[in-house]
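Several structures are given next for inspection.
Look at the two complexes coming up: chain A is in both, with chain B in one and chain C in the other.
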Partner chain A sequence: MQDTVKTWLTEGTVDIFLGYKMVEGHPIPHGFNRDRLDEIDEMVTGPARYPLEKFATQLLQMHPDAKIGILARDCTKRALNVLTIWQQISPGQIQTLQVNCCPSPLGSNTDCSYLQPADTGAYKAAHGVDGSQSLQALEQMPEEERFDRWMYEFQKCIKCYGCRNVCPMCFCRECSLENKDLVGNGHLPPDIPIFHLVRAVHMAGRCIDCGLCEQACPAEIPLRMLYRKINDMMGNLFDYHTGSSPDQPPFSLLGDKPSTGLAPMTAEAAKNE
Partner chain B sequence: MECKFVHSVCSYCGTGCGILFQVVDGRLIGTLPMKTHPVNKGKLCIKGWNLHEHVNSELRLKNPLIKTFGRFSRVNWDTATRYTADRLQEIIKKHGPDSVGVLVSAKATNEENYLAQKFARAVIGTNNVDHCARL
Partner chain C sequence: MTKKRMVFMRELLNFIGIGDRLHLEWISSAEAQKYTRVVSDFTEKIRRLGPNPLRGRAVKLPENLFATPPGAARPAKPESRLAAAKTAKG
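Presenting the complex of A and B:
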């Protein structure tokens, strides 16, 4: 792997390679370039995961002609697909070096256990939403109970904006979460559930289920579960599969000419709505 | 093109969260929580997430200021230290060492806090040392 990166850098395939470097026992993200080829010997693939694709997008904003290499898990590839669809990166500007991956219903290789949810405590299991269960298991609870459980989770929010800050899909210049008409300033918890639902709606057709938001959440709100539900609806209603569908999601289209074929709503999906 | 991440400790409170500063082409552009840090384990509060902003802020105070005749004027560090020492000596001579108090901070390092109390006890000669976290 190190040799591949060295070759890419020396032959000019890429100008910078985003991976991880071991620094004082901590794997931290690092941009390897051809001026410091010796650093590549310290390159590691994990286990900590940072939004490398977000860093790549930021670098391309500053250097639009740069060629970037990136250490890629399955979620990185989905992220790059969606970023290309949203015209944040151009295809061909980013070279990926595939490494092992973590489990997600959107991915196929699942031999890394890094994203296995932590054990759920008794109080959370009784009153909150257990992020380790499946979406189907959660939906078997009565609607009112589910609402109460989600509200319990949302009221823990300390409004750190970490979910948005770490999200590789959050590239908007203006964020609805900072719009004072939607989310008031200076209140804790933030306006719930609007704060989380605004973000959830914006994740429709964008969330690539990398799980970084949930890992960054100091209040341990099961955000991944929330966005999985959104993606599930996108699949059921619009036959849109984030990360693999080649077009923008139908929500982004104005007018009546959708570029994605609308799948007929199944009886089961209709009942769920 | 250079993109590196510099690990550090958040300077906002005494918790000591591990952070990474995102540096692109020599300019600080972002802060991230350190995933493997034993204190915060990849999480941060809103202040930590925005730590880079005050470094680049135009409002940041980079020089000592001395207030004379109701106005602040910029001076160099030697002048500021000299002025502070003279005024402290003047006050101690007139009102005694216990007229001075030293307030230290959770945002400073252990070593800096140690030095501050040493300064209060050994140099000024007072036990008036307190800490912002002892509220």
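Presenting the complex of A and C:
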């Protein structure tokens, strides 16, 4: 792996390679470049994850012509696909070097268990939303109970914006979550459930189920479960599979284009008419 | 587009547990009767559902850790330090 990166850098395939370097015993994201090739020997892989593709997007905003190499898991590939669809990067601008991966219903080829949720305590199991249960199990609960459980989770929010800041798909320059007309500021918890639902809606056609938001959340809100539901809906209603579908997401397309999969939706829509 | 968003939004709200409070209908300005019917029906439906759980009923919390229940009066904002300094100088 180190050799590949060295070759890429010396041959000019990439100008900078984003990977991890061990600093004081912690794997820290690092940009390796051809001026300091010896650093590459310190490059590590492991379960540590940072939104490397977000750093790449930000680098490309500053240096649009840069060629970037990136250490990639399956979620990175989905992220790059979605970022291309949303025109944040151009195809071919980013070279990937595949490493082992973590489990997700959106991806195949998963062999790392790093993201398996931690054990859920009895209190959370009784009053909150258990992130390790299946989406179906949660959906089968009575509506009122679901509401109470979600509200319990949401009211823990300390509005640190960690979920947004770590999200590789959050590239907007102006964020609705900072608009005080949409989400009032100055009190905790933030306006619930608006704060979380605004973010959830914006994840439609974007969330690649990398799980970084949930990992970053200091209040342990099962955000991944919420966005999994979003992905589930995108699949069921519009036959859109974020990260693997090559088309624009359904909310970016007007009308009933076949790619937005109206077939499953018509049954649902007819029921609601 | 609206229809797609509504289908999506309805299911999301349902997932969170506040479904059934969203309705979409296309009504022409010439369809006064349809308008009154739709609005009355929806009003009836909402009345049956009762008050908005986010407002009427404080979120059922097993322990009220640090939460101000939504809808409850929030403590008045403390005067900003800058404003306080100005008054002191004043």
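In this section, the second predicted complex is superposed on the first by the 256 of 273 C-alpha atoms of A that agree within 3 Å, B and C clash if a C-alpha of one lies under 4 Å from a C-alpha of the other, contacts with A are read in each partner's own complex, and residues count from 1 in each chain.
By our rule, a contact is a pair of C-beta atoms (placed from the backbone, for glycine too) under 8 Å apart; a residue touches a chain by one contact, two chains touch by 3 or more.
Keep in mind that what you see is a predicted model, and the values were worked out from it rather than measured.
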Looking at the overlay, does A:Ile230 come into contact with chain B only (first), chain C only (second), both, or neither?
second
With the two complexes superposed on chain A, say which partner A:Ile28 touches: chain B (first), chain C (second), both, or neither.
first
For A:His63, using the defined touch cut-off, is the partner it touches chain B, chain C, both, or neither? Pick first, second, both or neither.
first
Classify the contacts of A:Glu144 with the two partner chains as first (chain B alone), second (chain C alone), both, or neither.
second
Between chain B (first) and chain C (second), which does A:Lys6 come into contact with in this model arrangement: first, second, both, or neither?
neither
First, second, both or neither for A:His127, with chain B first and chain C second:
second
Residue overlap on chain A between the chain B contact set and the chain C contact set?
none
Parts of chain C lying in touch with chain A, wherever the complex brings them together
1, 3-5, 7-12, 14-19, 53-54, 59-62, 65-68, 70, 74, 77
Under the stated contact criterion, what part of chain A meets chain C in this complex?
123, 126-127, 139, 143-148, 150-152, 155-156, 186-189, 191-193, 197, 200-201, 204, 229-230, 233, 237-238, 250-251, 254-255, 260, 265, 268-269, 272
State the interface residues of chain B toward chain A in the complex, per the touch definition above.
1-5, 7, 18, 20, 22, 24-25, 29-30, 32-37, 42-46, 48-49
Residue ranges of chain A in contact with chain B within the complex:
15-16, 18, 23-31, 33, 48-50, 55, 58-59, 62-63, 66, 158-162, 165-166, 215-218
